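Please go over the structures that come below.
Next come two complexes built around chain A: one with chain B, the other with chain C.
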Partner chain A sequence: MLWIAIRMLTGDRQKFFGLVFGIAFSTLLITQQLTLFVNFLGRGTTAVYNISSNDIWVMDPVSRTPDTALAMPSTALERVRSVDGVEWAAPHLREGATVRTPDGDLERVTIIGVDDTSLVGLPDAIIAGDRNALAMPDSVIIDSVGTARLFGEEVDPIGTRLELNDRRAVIRGIVDAEPTFTSQVILYTRYSNALTYVPGARNRLTFILVRATDGTDPQALVDRIESETGLRARTREQFARDGVDYLIENTGIPLNFGITVTLGFIIGITIVGLTFSLFIRDNIKQFGALKAIGVRNHMIRKMVRAQAAVVGLIGYGFGVFGATLFIKLFEDDPTFKGFYTPWQIPLLSLFAVFVILAITGYFSLRPVLRVDPAEVFR
Partner chain B sequence: MARLSFSRQILPLIAVAGLIAAIVFIVTGTPDRAVTDPPETPFRAGGEIAGKPRVAGAGVVEPSSETIAIGTSLSGVVEAVMISPGARVSKGQPLFRVDTRSARARIREGDAAIASARAAIAEARNAEATAARQLALYRSVEDAAAVSRAEVIRAEGDASSARARRQVAEAELANARARRASAATELERSTVRAPIAGEILGVDVRPGETVTAGPGAGGPYVLMGETNPLHVRIDIDEDEVGRVAIGEAAVVSPRGEADTRVDARFVRAEPLVVPKRSLTNQASERVDVRVMQLIFALPDEAAGDFRVGQQVDAFIPAKVDR
Partner chain C sequence: MSGDIAVSVHGVKKSFVTAHHVHPVLHGIDIDVAAGDLTYLVGASGSGKTTLVSIMAGILTPSEGTVKLFGTDIFAMDHRHLVDYRLSHIGFIFQQYNLIPTIDAAANAAVPLIARGVNRHDALAAGNRMLERLAIGDQAAKYPHQLSGGQQQRVAIARALVHDPRLVICDEPTAALDARSGRRVMDLLHELAVGEDRACVIVTHDNRIFDFADRILVMEDGLITHDGKEVPVEEDMDGTA
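== the complex of A and B ==
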């Protein structure tokens, strides 16, 4: 009986493809836009997630995100080290500066000063050069997106001299780091070097990266650091979340993407709803005939559900494939670098497809269920 | 079912394949955000102190005598430098010598003046003796008419003036001796000597260079200090001062070698809380917080791991009560 339903569905190719297209398109729109939305907001977390070795960030009480931070006196490092449960604490400087390129152009950059001896704070993946090259005088390591921005894709920047705060900076490596929301060029250097590159304020220590000892709950340690030092401490996840919240509060991203996702949903409902209800209306005679030969409404519901499932599955499959393929194809593009499809989003769009089909199925089925079998024979 | 239907069989298969591909993309594309261990760990508490309340501080290695910046008491051109960096010197050992020619010349001058004063004394003594004999002769004549009264008076005058000339000559000898002694002192002062036994840490003077004496002059020309044992001067943030268990041994690591940990014996706490000096190579020194300075002695066996002036990190036990 269900096979008959499928044959009924695919009998009219135009309507069938229309339905599949409608579902596929709205799935694509919803999935892709939600993915972009999540990933653009995720740019607020990259500064945190680029560093994989710490589980707590300590900062001045007024600091909010990696890029809106007030520096602390340098002895704050020792005060944090004194807290019980701290395995190690490393200084981390993160400050904006202006760099002069060999061409004489000016470019805003983010200077990141990593711990002098252990280089904690430097992302793990080095594309070119050696992380230990930072030990050489005046050396910086640039991020891959920054290279493309500053020199173009083709140029090998290693050995290039830049000018930072009237001081020489030589690029000695490229690191694979995800860009921040503003996708400024990031230059990594040693903390003591960074102090000279960043024009002078009295306090320079923007963050302290802390690792909890084994068996210490990061949240408990965060509370302890806050109560003992008076500084603000956040776990890695909390601080990443702070970056996202900051973007939500201060940019139009949620609104813009929200509108697009809603539009995708409305287009999906309209196309699918209209086509599906037209299709069922067209087949109302057949359903009547089925009812006449004794098929119950229960069975008819089942048949329509099967039709919806087939259309949904095919459309959803194509849509999700399209959305993930998009991310995959553009993964090397600097704008989309580090973008990925969180697994929750396809589930969300699956739910959306289900809702679209359920709503349209419900409304178009009503006349079928009410049809009098005798109608067919009139 | 003999013929494959595009809509009913091929399309769903493609859709399922697309779905599987999408799942693969999602699984492989999800970034790894797990916390990992860094290739090198920064300075951390190890051993016994790891699980206990503690206070962290940063500091610098210094000689136990503190670093002595040797100056010069005389200005001038350096004639000879007798030591090299790293040498051990005993107390009073010469370090360098400022040009001595003028002092030596004045010594010779003094010697000549002494000789001439001695000659003058000898001559004055002769004259005195002659005058005394003459006077005695006149006095021994009993016949008053034989010697006029005027003769006697003249002879008395001669005797006393000869005595006075001798005294002047003697005073001149004393004067010449004093001047020679002063020249000798100057010769001695032109050699700069080690005030204590210790190690030469730096030499910034070479033969032929000028050195200037006095406050605000150049230098330091030689840096030295007692490096056995070495001390570390640890800065503790003023906020933490109350927590430090004064008197306990500290765990000290040279900067960059977090795995080298030595126990340093407590020596003293500086009574004065001073502004922290940040060793940042900045032209303008930054004063942000005040720090208490604690001095610890490094054990002898760790001497090879530490150098004077090196930065260190330290953990000091905190008070357990409260």
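== the complex of A and C ==
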């Protein structure tokens, strides 16, 4: 009978495709939007995870995230270095600036000042140029997203001169780093050099990157730094989480994506519900005849479930494929660099499809179960 | 041709209850249909024919009375067994055929076997064989909308007979057919659905096929008012005397 159920479904092509479209569209919307949501939230962590060598971030007590920070006096660096368990502590500056390209375009950029000698704070993956070139005067290393934004894919920016906050800067390398939430162009330079680029304020040390000595528990060191210096200290994981929390609490991202995902769910229920109801209504006589002939309600339920399962699996497959294709098509776009679909999201979409089909199937099935087989004689 | 009792209806009453009224439809029906008989139920619209035949088929429960099919009291069974009994022992032919439009004629004919869990390949083979017997074997791969009314009716007959039921219930089997097709359908029913151990009950208004009947029961206002080989001359099938 399940074979007949499937043939009943697929034989009515208009409704079959309508049902598949409804599920596919819902799955696409839910999967794609959740993927974007998760990855955009992940952007809150990239500034932290782009640097791999430190265990701890130290900052002014009011600082919240890499992009929401208040600079500290330079003396804070020595105080942190004096805490027991600190193997090394390096200054780290993050500051906004304006750059003028050779074409005359203006662009907001983030200047990151890394430790002059160790270059701690510079991402590991250099894709062009040489990290040691930062020792040269006015040298900066640009991130790959910034390269694409300022120069496009065709132009090699190495050696290009920029006007950075009214000062000369020469691009000496390109670093492969995940963009931050704001997707601003990032220019890395030595800390001492960075101080010359940013406007002269009294305090310009934004963060201190700390490595714990072997055998020291980072959390214990965090507690010690806070108690001994009065500064705020966070492990990498804690600080990355702070970035995500900040985005959740201070942006409309959860609400906007939540609304879109909910709309996807509602659209799914509406399209599938209406089409499924029409399909059942068109076949109610046949279902009545089957019941009169001797097909039990139990089998009718299985038939409708089989129809829902076929529609669900095909629609879900198309939807997930569409969402994956979307990510694939835009993988070269700087905005979507590094985006991926965590395995939990397709599972979540599958659950949403199941709920959509369970709700619509339940309401569509009711008239079939209620139809009096004697009706076929009337 | 008559033999054992195929359908035994005794003291059957049926009322339909609505919010404010009780509508009695059958007022106490007593009939025995013999195996081997082609029995017609005729009468005006609203006389209770459909209700009676639905009760005989076990798809409508009587308010009072008993119905036995080949000695089995069908309403003494639980619902599940009654549905299974219907699937095994009763064949249905509906006025509107109610074929499944998205499967071909052979598959439509095989539905009762498929519903009984017979292997699909075997069921389809049996459906094809039945269509051959009904002289439309060459239409087996066609879908209902590709068939004429007469051909669709034959597919419906094939579906009713494919599982070799002992009782065939037909609702206006010739109403949508021209006289020639209607008589051909009745020939087939007479040949295939009636036998020593089986019976066929037909609800009809179609006086063009009355000569096929072994017995005609005329119903009026929920009662059998005539039982014989022919319809009384004065009876008008529209219900007016």
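Operating definition for what follows: the second predicted complex is superposed on the first by the 336 of 378 C-alpha atoms of A that agree within 3 Å, B and C clash if a C-alpha of one lies under 4 Å from a C-alpha of the other, contacts with A are read in each partner's own complex, and residues count from 1 in each chain.
By definition in this document, contacts are C-beta pairs under 8 Å (C-beta built on N, C-alpha and C of every residue); 3 or more make two chains touch, one makes a residue touch a chain.
In this text, all values refer to a predicted model and were calculated from it rather than measured experimentally.
Upon superposition of the two complexes on chain A, no clash is found between chain B and chain C, which fit side by side. Judged by the touch definition given at the top, the superposed model places A:373 against chain C, while chain B stays out of reach. Looking at the shared chain after the overlay, A:176 reaches neither chain B nor chain C.
In the superposition on chain A, contact of A:79 is made with chain B only, not with chain C.
One geometric descriptor of the composite model is the angle centred on chain A: between the Cα centres of chain B and chain C it reads 170 degrees, in steps of 10. In the superposition on chain A, A:7 makes contact with both chain B and chain C. Within the superposed three-chain model, A:295 lies in touch with chain C and out of touch with chain B [touch as defined at top].
Legend: residue contacts after superposition of the two complexes on their common chain; A:314 is shown touching chain B, with no touch to chain C. Once the two structures are overlaid, the count of chain A residues touched is higher for B than for its counterpart among chain B and chain C. Contacts of A:107 after superposition: neither chain B nor chain C is touched. Of the two partner chains placed by the overlay, neither chain B nor chain C lies in contact with A:163. The superposed arrangement places chain B and chain C with a least CA-CA distance of 10 Å. Taken together, the two structures place residues 7, 10 of chain A in contact with chain B in one case and with chain C in the other. Of all residues in chain C, only 50-51, 53-54, 57, 59-60, 80, 83-88, 90, 92, 94-96, 98-103, 107, 111-112, 114-115, 120, 143, 159, 171, 203 touch chain A in the complex they form. Residue ranges of chain A in contact with chain C, taken from their complex: 1, 3-4, 7-12, 283, 285-286, 288-296, 299, 372-374, 376-378. Residues 6-7, 10, 13, 16, 20, 49, 52-55, 73-82, 84, 86-90, 115-120, 124, 131, 178, 192, 195-196, 200, 202-204, 213, 229, 236, 310, 313-318, 320-325, 327-328, 331, 338, 340-343, 346 of chain A are the ones that touch chain B when the two sit in their complex. Every residue of chain B that touches chain A in the complex is listed here, in rising order: 5, 7-8, 11-12, 14-19, 21-22, 25-27, 29-31, 33-45, 50-58, 235-237, 239-240, 243, 255-258, 276, 278, 280-282, 284, 286, 288-289, 291, 313, 315, 318.
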